[in-house]
Amino acid sequence: MSEQQPYEPKIVAFLCKWCSSAGSDLAGVSRIQYPANATPITVPCSGSMSPMYILSAFNKGADGVLVSGCHIGDCHYMEGNFLARRKLHLVKELLQFIGVEENRFRMSWVSAAEGAKYAQVVKDFVEDLRPLGSQEKLKAQRT
Amino acid sequence: MINIQDIRDTARDLLAKGEVRAVIGWRAGSRGMPAEPVVITAPEQADELVWDPTCYHNLALHLVEDRKFLAHARKTAGAPIGIIAKGCDARAIVVLMQENYFKREDVYIIGVSCEGSGMIAEWKVARQLDGAVPTAAAFAGDEFAFATAAGEKRLPAREVMADRCLECRNPFPKEHNVALGEDKTGRALEAPFAALARFETRSEGERWEFWQRQFDRCIRCFACRSVCPMCYCEECVVDSINIAVAPETTAEEKANRIRWIERSAVKSENITYHMTRAIHLAGRCVDCGECERVCPVNIPLRLLNNKMEREARERFGYEPGASIGGPSLVASFRDDDPGAFIR
Amino acid sequence: MSMEKILDKARLNDWIAALAKGGDWEVHAPALEDGVWTYKPVGDAVRMDHPNTKQPPKGFSFPQREVFFSFEQIKGEAPRLTQVMPDPKRRAVFGVRPCDGRGAVRMDRVFADNVNDPYYQARRKNVAYVGLACNTPPAATCFCKSVGGSPVSTDGLDILLTDLGDRYHVAAVTETGKAMMAVAGSPLADAAAADRKQVKQVHGEAVAQPQRAVNNPEAAPAKLKASFNSPLWEELARACIGCGICTFLCPTCHCFDLNDEMTGTVPIKGNRVRTWDNCQFPDFTMHSSGHNPRENTAARLRQRVCHKFQYFHENFGMLQCTGCGRCVSECPVGIDIVAVVNKVAEHVA
Amino acid sequence: MSHNPPDNIYLPKLARIAHIKEEVAGERSIKTFRLEFVNGDGFDHQCGQCAMLSIFGRGESMISIASSPLIKEYKQFSIMRVGRVTSAFHDLSVGDTVGIRGPYGNSFPVDDWRGKNLIFIGGGCGLAPIWPVITTAVAQRANFKNITVFYGGRSPRDIMYRAELEKLRSSADVHLSVDKSEEGWNEFCGFVPSNVMDKAPPPDNAIAITCGPPIMIKFVLQNLQNLGFKDEQIYTTIENKMKCGIGKCGRCNVGKDYVCVKGPVYSWAQLKNLPQEY
């Protein structure tokens, strides 16, 4: 039907409301060029991330999942990102343990002022995902 | 070695004095072995109790059931409930208390030490007995003694013990009201996390190959969840409908419930289930190994839980079931938790 | 009328090859995988030294998951439904134990009674069961004889094999079985009088092996009926953890769920899917309101036991349980259906 | 594409929503839907039978058919918003297409009741399952003697089929009630069973048909028995969770009977011998 399109990784980016979400907005209003592969979902805090969200994103076909929050020390809720760091470390380890590629899951700290950093994080993520091809391991089987 | 009479006397005494309203323990199964969980409520039932290497069940589960029963019946507990607990059972009880599922004074722990050995793996016994069907099993020092039609057979404990017991870090119930048997903590039958360490020498591709085959086989009987004392949630995210519906639950709530996974026992949904469960057990699983024992299709679930347990220990200095008072693994942090993986 | 043949064990694979080639059969047989006996498409060598498979062969006609139809609906328009029927591949399942053959008979009744189940029938008509008589000592959990079966029963099978040491005795049970035995290139030889004699003897010995038993099974339906409100159920179910092992591994449990699984949202796209369900799960009977007619493990254990030993008997004139013993050997907490039925019967005057 | 072989009972027929009426508002709202089969590909039903309604992507729900079998142009369903599928129904509009398969279950033995007095006792959304009997009896008025309808809701706003009930007064005795009195309400105030006791219909040559919340049915039964009704004179319907509708999925059984096949209609004489599993 359609011509062979070059593979474009689909990223689901969970961004904390206070920092990273604002950071991504800043990247936009500053007209920083970065790939449009990431679909942002705003969450109240990186500490509010349920591992289910990550697994579910992969289940629904995400090639990569990014979680981004405030820098350590800057959490609006004081310690949410400390908890996220610990909890999502476990998720990351478990994904690798069952043989999911390390580069499928990524975390970053991006402040509201770091539009350029957000753009760089997404850019790097896309570049790292590209050689992996589409994510089939955790994707829902429906047929 | 523990004399079964001591266990029975303790239980009988507690029931007779009214110090406990019931004792959770084991009795002989309908075919002799394996033993089965039992809840006794009268002193004269104490003679039913047994203690042998088929007392696999983590009885802390039945404390949870008791709690749920009381909650549904809107009853108060009154006297504490007694429970016979191995090292792993006692650790599970500690986690439950740490999570405020019940209080220390609600439970009377009759600790039993597995001493130098532990529980058997039936498949290992079957392999060694060469067709003979054992009808009873007993501890016998470094050996187990099996009663069969062809007379007593003895097998070295190490050869037929369950992997979980070979790797056990603490066969003595540290938390107890009364403890029977010797404290042999520190014995080394097999290095802790030995199977995990062996598994982790595999490459990423090999690991995926392994796990996808395992998850593909899962039939989603949920025995692993049902048998786990830590899986006490009234409502589980992996259920396709909400089980904890009350008359006051609104239609909107029911209609908007997210189906995180489908009911189909296919690989993708099974992975989501097992991964979610492993994460939810991180810092809570005490490695009693019951999930792995009951799995009808032999999925090595302990590997997942061990992985989380070792991460908790090595990266965060956390040990599940060690103390009632401290914060849980994922509700706490240290300033120097690893963060190099974050950009 | 009957067709009896002899198969040299060394030529079992030749017969299987002939069935695949000449009869277009996809042959499955038990294989030991990850410590679990499972039916698998036949590779190079067929082993038939399995005790019984962990799961019965019911999945060949009633898979754990199957798509009924797919749907696609643009908001405001009529949906388009596309029926998905099972592929018409013929499957021959080797090594089916007689208890599981009798399980198939019971499944057939359920899915044909009242209204035909088109998906079950479409699969079932393409499945042939090549049974294997049990002539080694029964497992500690076997009790087929007391529920009307036998270690050499042919019910529900198309062919019954009997192990005679270096060769199999092959007996046709159905016309399909006969056709399979006569398939082009079949290495089956005629049975000699000595073979027939030996089979008789082997069968006789197999039937004589002692087993556990449901006491007085004829009385079980009435006894269970009389015990519906007995407090005994609570005690019997005390250790039950409410998992699905007993029913998912049962050769006659047929309960299922229907759900829509989405594959797209604009337009709405997805499949209506049937999956096994389980009377031991609390949500099985729970109404939308939260009211649950079988609200505790006691009621749910009673349902399972009464379905096997009372309701099915009242509806179809036979016990549903075939005595395979899987629910007994695999129960995490040792709930034993034989002991349960016997105990309940004892308590009823 | 979507041709339905007649033998696949799991494949729903398609029906278009021709009319929607909001009966009761609030948390447990009730809406009445008229469904017309698409392409005339439908089925006939009898009083008391149910149909499995589908919203593709949400699932199926067993709902009793609330219109008389005499009406061939459409089938009517009164659906209370309680869960996943029923909530989705409440979000639909006229013109939307849904799936429907059936009819399922047994029916009220209306023909056996010719020449008798019929007493209907409904509460809440329990009017819907007996509505086809009421409307059929009224349409064949000459076949029956007195027709009496008791119906009640929590408040005047919870009374469904309000206009239809008013119309019914010309051919039947209609006794409405509300649990709690409110201004402007000039009929009976109190629970439905009390209203029945208050009017005390005689049991002679009568059949009582009741449907409503379990607690209401319990007291209606007691009161009818006190009035001298025999078990064979009392009919009710029961409901259980259902998935297949054809006695195979295994969940709706009460003892040996699958309600989707042997029910939902039972005389009290039958029901009292069944285990209490509903």
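Chains: A, B, C and D, in written order; residue numbering restarts at 1 for each.
The criterion applied here is as follows: a contact is a pair of C-beta atoms (placed from the backbone, for glycine too) under 8 Å apart; a residue touches a chain by one contact, two chains touch by 3 or more.
Every value quoted in this text rests on a predicted model; they were computed, and no experiment measured them.
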Partner chains that chain B and chain D have in common: C
Between A-B and A-C, the pair joined by more C-beta contacts: A-B
Longest centre-to-centre distance from chain C, chain (CA-based): A
Rounded Å distance, chain A centre to chain C centre (Cα mean): 47
Intercentroid distance (Cα basis), chain B paired with chain A, Å: 35
Centre distance in Å when chain B and chain C are each reduced to the mean of their C-alpha atoms: 31
Centre-to-centre distance between chain D and chain A (centres being mean Cα positions), rounded to whole Å: 52
Two or more partner chains touched - positions in chain C: 257, 259, 261, 270, 286, 288-289
Chain A: positions in contact with at least two other chains: none
Set of chain D residues in contact with two or more other chains: 82-84, 86
Contacting chain pairs - touch in the sense defined above: A-B, A-C, B-C, B-D, C-D
Chain D - residues contacting chain C, complex: 1-2, 4-5, 7-12, 14, 16, 38, 56-60, 82-84, 86, 95-97, 99, 239-241, 243-244, 246-256, 261, 275, 277-278
In the complex, chain B residues that touch chain C: 29-31, 34-39, 57, 61-62, 123, 131, 133, 213-214, 217, 219-223, 225-227, 239-241, 243, 245-247, 249, 254, 262-266, 290, 293-294, 296-298
Chain D partner contacts - residues on chain C that touch it in the complex: 68-69, 71, 73, 76-83, 110-111, 113-119, 228-229, 254-260, 262, 268, 270, 272, 274, 277, 279, 284-289, 293-294, 299, 303, 306-307, 310-312, 314-315
In the complex with chain A, residue positions of chain C that touch it: 67, 261, 263, 270-271
Touching residues (chain side chain C, partner chain B) in the complex: 34-36, 54-55, 64-65, 137, 139-141, 212, 238-239, 241-245, 248-249, 257, 259, 261, 273, 275-276, 278, 281-283, 286, 288-291, 328, 330, 332-336, 338-339
